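Each remark here refers to the structure printed beneath this line.
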Amino acid sequence: MFGLGPEDWQAIRLTFRLCLYTTLILLVIATPLAWWLSSGRSAVRVAVQAVVALPLVLPPTVLGFYLLIALGPRGFIGGSLEAIGLQHLAFSFEGILVASVLYSMPFAVQPLTEAFNNLGRRPVEVASSLGAGPIDRFVSVILPLTRGGFVVAATLTFAHTIGEFGVILMLGGSIPGETKVLSVLIYDHAEAMNYDAAHRLSLMLLVFAFFTLFLVYGMTRRFSVARL
Amino acid sequence: MFGLGPEDWQAIRLTFRLCLYTTLILLVIATPLAWWLSSGRSAVRVAVQAVVALPLVLPPTVLGFYLLIALGPRGFIGGSLEAIGLQHLAFSFEGILVASVLYSMPFAVQPLTEAFNNLGRRPVEVASSLGAGPIDRFVSVILPLTRGGFVVAATLTFAHTIGEFGVILMLGGSIPGETKVLSVLIYDHAEAMNYDAAHRLSLMLLVFAFFTLFLVYGMTRRFSVARL
Amino acid sequence: MSLSIQAQVRRGGFTLDVAMELPLEGVTALFGRSGCGKTTLLRVIAGLERASGASVRFGREVWQQQRRFVPLHRRRIGLVFQEHSLLPHLSARENLLYGYTRTAPALRRLHLQEVSDMLEIGGLLGRSIDQLSGGERQRISLGRALLSSPQLLLLDEPLSALDAQTKREIMPYLSRLGSEAGVPIIMVTHAADEVERLADRVVFMREGAIQQIESLRDALARADSPLFADEGAASVLLGSLSPPERGGLRRFGVEGATLWVPQAGAMLATGATRLRIPARDVVLALNDPQHTSIQNHLRVTIERIDYSEQERCLVATRTLDDQLLLAEVTPWAVRHLQLQPGMQVYALIKSVTLIQVG
Amino acid sequence: MSLSIQAQVRRGGFTLDVAMELPLEGVTALFGRSGCGKTTLLRVIAGLERASGASVRFGREVWQQQRRFVPLHRRRIGLVFQEHSLLPHLSARENLLYGYTRTAPALRRLHLQEVSDMLEIGGLLGRSIDQLSGGERQRISLGRALLSSPQLLLLDEPLSALDAQTKREIMPYLSRLGSEAGVPIIMVTHAADEVERLADRVVFMREGAIQQIESLRDALARADSPLFADEGAASVLLGSLSPPERGGLRRFGVEGATLWVPQAGAMLATGATRLRIPARDVVLALNDPQHTSIQNHLRVTIERIDYSEQERCLVATRTLDDQLLLAEVTPWAVRHLQLQPGMQVYALIKSVTLIQVG
Amino acid sequence: QKFTVAAAADLRYALDDIAVLFRDAHPDHTFNIVYGSSGKMTTQIMNGAPYDVFFSADIAFPKRLQAAGLTATEPTVYAIGRIVVWSTVMDASSLSLQDLATDARIRRIAIAQPTHAPYGMRAQEALVSAGLWAAVEPKLVFGENIAHTAQMVESGAAEVGIIALSLALFPRLAEHPHRLIDDALHQPLTQGYVVTQRAAGNSAAVRFAQFMRTEPALEIMHRYGFVLPR
């Protein structure tokens, strides 16, 4: 289909899985973090906010190299995992997942922090007065009112994870079905001057991404929070 | 200083220039674009919003490859420039600037669109009623009220431009003083297993980025827009 | 059963410092000038302003005391905020039902249909929030608080954006809620007519402190009451209202001290009730004048004459059934009629000025 | 000079359809039930609701007509929104000065000092917006609009969150602005006392349409006026007020139809003025009763007796100087006194009930 | 005169030394060297890159440029590369290719990506010729280029790797022993250079290209593990 071979489909499935997991994990991590960041103004918070953005400033392969060392068998994290009888994380799906999460963190944390900042305390107070407990409030009020921030966070994370290959190349080792994601595959094709394949995959990726984003943005209902 | 040689300083200056220009240009482009995107809900707008995010999904070197073709002497853009007696844009500072702007576009456009969405029309109406014309309103009301969105846009753009090297490597060709930015230099050092230099530059970059971000986030005064 | 609050809250140069006990029945009006701390007090009661060292007790429930702090969502308080606070992502109906669906079915006392009828918001239910007018939003807020079937209602100027007719339709409803349904209401208002018609007692606040807590009757009787800066003092007579007699008029009070009250639609219920009589509507006469349109001639004894205001005198009198009746007259009239304590005079009251307040 | 508006605006099921002309002087009250389109009308005048096909003309300036559309910031309109609309990134002072600094110095008529004194907001200037109470915010909004020295003020319930005393202090100021400073004011309000004290004319709206535009005097005189659903009709007498005589009382009106008015502080200015007399405060008597605290006895002629309401009759009478004076009495009194048109009777009015309205 | 040299990454250490010699000999020439992947540089030259001399890791790339009419000289072989087995966690000198398939300590083997990296292609050929490809394939991880491959091994994340001899001789990496792979098992890594069309009139660039064939340069190339063309 679309002139794609099994290797392509494998990479597509893998990419989709990586993006989905990364986005979900990031939203789970970033939401409480962003909430905490937006709920006060101490120097610690400002520092954490700055630290979150730091992975961005390193060239991806260099970040990948540092992660390779940290997550590999001789690194602090990989070594600790091996010590308790687990596998280290280099050259594994879990490893590139960790890397993607780390690398895309600012794209999730920053828009969410901003969305929470803009929320104000009134909606939460209103929901409390109507008998909604903390979780209920989060689901029924905070989430829908900051939906825009979540959409930005999720789409930036998702799109960026699709395209990122520097970190993944270094840390993942292009193992088919495990760490050879679509971006790595396209890169390989392009480097091998295999342009037909590269163009075909790129085009497919663009079309897919376009429709996904179109749907997501199109479905996001808008309401003016400022009206409250 | 800091054990850095003239080549390093040249790359640092270049990087700083690239980031600064990219951020400034992006804010200038993204602001009206985001304003337009947030001012209605037509399918065209949703499509444009999706298109803006597309550069993200391509692997950077592949994007760099396409840009190289487009901006190079044989490409549509580069060719047209040559036809009117100008230089094509590949392998030049202007070229990587164009690429950085394009690539970081979603990081600027998305948070701004979201910020404008949240603004509501009341503040603008208030300012109008008090005699403020469109530009005045923008500067005295919209800008300060969406400051958070601008900070997110600017920091993500700036940080991402520091770290990005895939596009730049491909399109720029590592010409010292012209396209050999810090990320390319660090990448080069790492490739050459010149780890001391790579670590030193990375550390410097991280420290610099941390303090910059710390200052920016720390200085951003917060107020709850939702109170309006 | 009472609500007792003890709190100190500091906000910049402003300090709220209260220690008070309010009976948990009927309607309590919170009255005071702009910025005196009314909203802050309500927020303390609701637990939104978490003053350290404060204590708030609601009947037998301890809401706040030392370490103990019951969060707002467990207090079952219905809150109407001073500024509009509808949730913008929900429709009018969803806003109304937000608290309702979160109330155990056994505790639900009110239902969408009756509340939306009462507030005349039936036609708005499908609308989104920004398709509502200011007054419509305020009514939805009130309805939403009512539908959460709270055990205490805190209303911060809940009727300020409403027209007189809508207010008149809502007020009896609130009043019944306060008395019959046993949901105590604490309500901030600047409108004297709301206090008059709704309140059982008035809490006067001033610069962050409670100045006085008075029953409505006492509050009305004071010549210098801040309540009626505009309208002056008034008295409240207790009595029972007969069914219509004599040309639709109804008898109020005991033999020898009978007032004739007009029917005035559904507002007047037969039985024990209260009538408000503005002091300035009471005419004093030395003998019983005939041939005037004034129907109500009561024999009263002057008790006290109060010259506190420059050009008005407040004459306190006792009716035959020993109730207080105030008359506001000019100093000229006092001199002209040579009024003095102990004197017996006639108090003339026009029927049309009588208002039933409870 | 007049403001003429012709517009049709559709919002879902609601349609605003107006075509009217308002004189550009004094205060025009916009009166109508919640949701009748008052805010929408103000927004059309301001150009915030850009109805196609609408036309708005302000004196000689064409603000909207066919292609022509003058944006709000060039209309020099002072706007107080119904809901609080302070700019949250500015302090109270910066909010107040936002319009001021954008007004050419030559056009500035008001300055920070006097406005902040008038509104009693001097102590709040340094505060940020979320450190203000509801009423404080409302006053800042009003002050901000005033400080932009507009040529037209559109006020959407500008005093709704204010206590009676503050209102009483602000109203004369607005009134003077409307008359002396020549800044026409269009003001939405639900409070009868604001209409009474401020308005020169009243625009009655109902379900998106203009029902009637009346001078305050006519509006007050109607028994069925929606203005005074609570208080009933009233008459306004024109006359001139003398300096204090007879024990501080002041003479009002012509010989033979003199009313004695108490001093009542600064509220009463000597000279040509208007007095409002609620119809229910007027007692009718067949002969001039002596020995009562009522000071004002006017000889009047009954012109018409209106039985429109079930238990109240409105008796329209003429004073000797041919002004309309309304008295509200019970049907019993009409029968008892055998009142009928043409009859000469005495109208008794307590001095303390007189209110100066302009 | 100024010029820019584009060179394959595996030449890095050798060429840096040669550049020093050339600078001493021709102090009036200013030039800089850009290292990168041969494929990427070929693409760049095809799209107007300002490279005057191109040292490729595989002579196939200069030949492509020639076919596109972008060269000023014939593609010329300047060295032949060798590949080695290398490890930082075990003694690679005692490792045979066979051990890569059988040694239980070896969980991951790093090679360069065969689809576009010349060294990776030769590594794959060697493993295939040795009949080990199917056995080692599940253990393989792929580096973007030969330097990445070396880094994967260096970090210990891959126990062994097949890298360029020139890298294995680099002082830092030479601490760990390596084992040369029989060059009969794979096609020769014929490295060629070419002077690009834009440098046709640039005598300095041509001089630099020719300098590679001089004795001192060849000596350095040899020292860094390149076999010299006959």
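Chains: A, B, C, D and E, in written order; residue numbering restarts at 1 for each.
Assume contacts are C-beta pairs under 8 Å (C-beta built on N, C-alpha and C of every residue); 3 or more make two chains touch, one makes a residue touch a chain.
It should be emphasised that the depicted structure is a prediction, and the values quoted were computed from it without experimental measurement.
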item	value
Set of chains whose contacts include both chain D and chain A	B, C
Distance between chain centroids, defined by C-alpha means - chain C, chain D (Å)	26
Chain centre separation (chain B, chain C; CA means) in Å	61
Centre-to-centre distance between chain E and chain A (centres being mean Cα positions), rounded to whole Å	36
Separation of chain D from chain E, taking each centre as the mean of its C-alpha atoms, in whole Å	92
Touching two or more other chains - residue numbers and ranges from chain B	61, 65, 122-123, 190, 224-225, 227-228
Per-residue overlap in chain E, given as positions that touch at least 2 other chains	40, 43, 148, 151
Contacts with 2+ other chains: residues of chain D	84
Chain-to-chain touches, reported pairwise for every pair that qualifies	A-B, A-C, A-E, B-D, B-E, C-D
Touch list for chain E against partner chain A, complex	37, 39-40, 42-43, 108, 110, 113, 115-117, 140-144, 148, 151-152, 155-158
Sites on chain B touched by chain D in the complex	122-123, 125-133, 136-137, 140-141, 144-145, 147, 223-225, 227-228
Sites on chain C touched by chain A in the complex	46, 48, 71-73, 76-79, 81, 84-89, 98-99, 102-103, 128-130, 144-145, 148
Residues of chain A defined as touching chain B within the complex	41, 43, 46-47, 49-51, 53-63, 65-66, 106-107, 110-111, 113-115, 117-123, 148-149, 151-152, 155-156, 159-160, 162-166, 183-184, 186-187, 190-191, 198, 202, 205-206, 209-210, 213-214, 217-218, 222, 224-228
Contact set on chain E toward chain B in their complex	4, 9, 12-13, 32, 34-36, 40, 43-44, 47-51, 145, 147-148, 150-151, 154, 170, 172-173
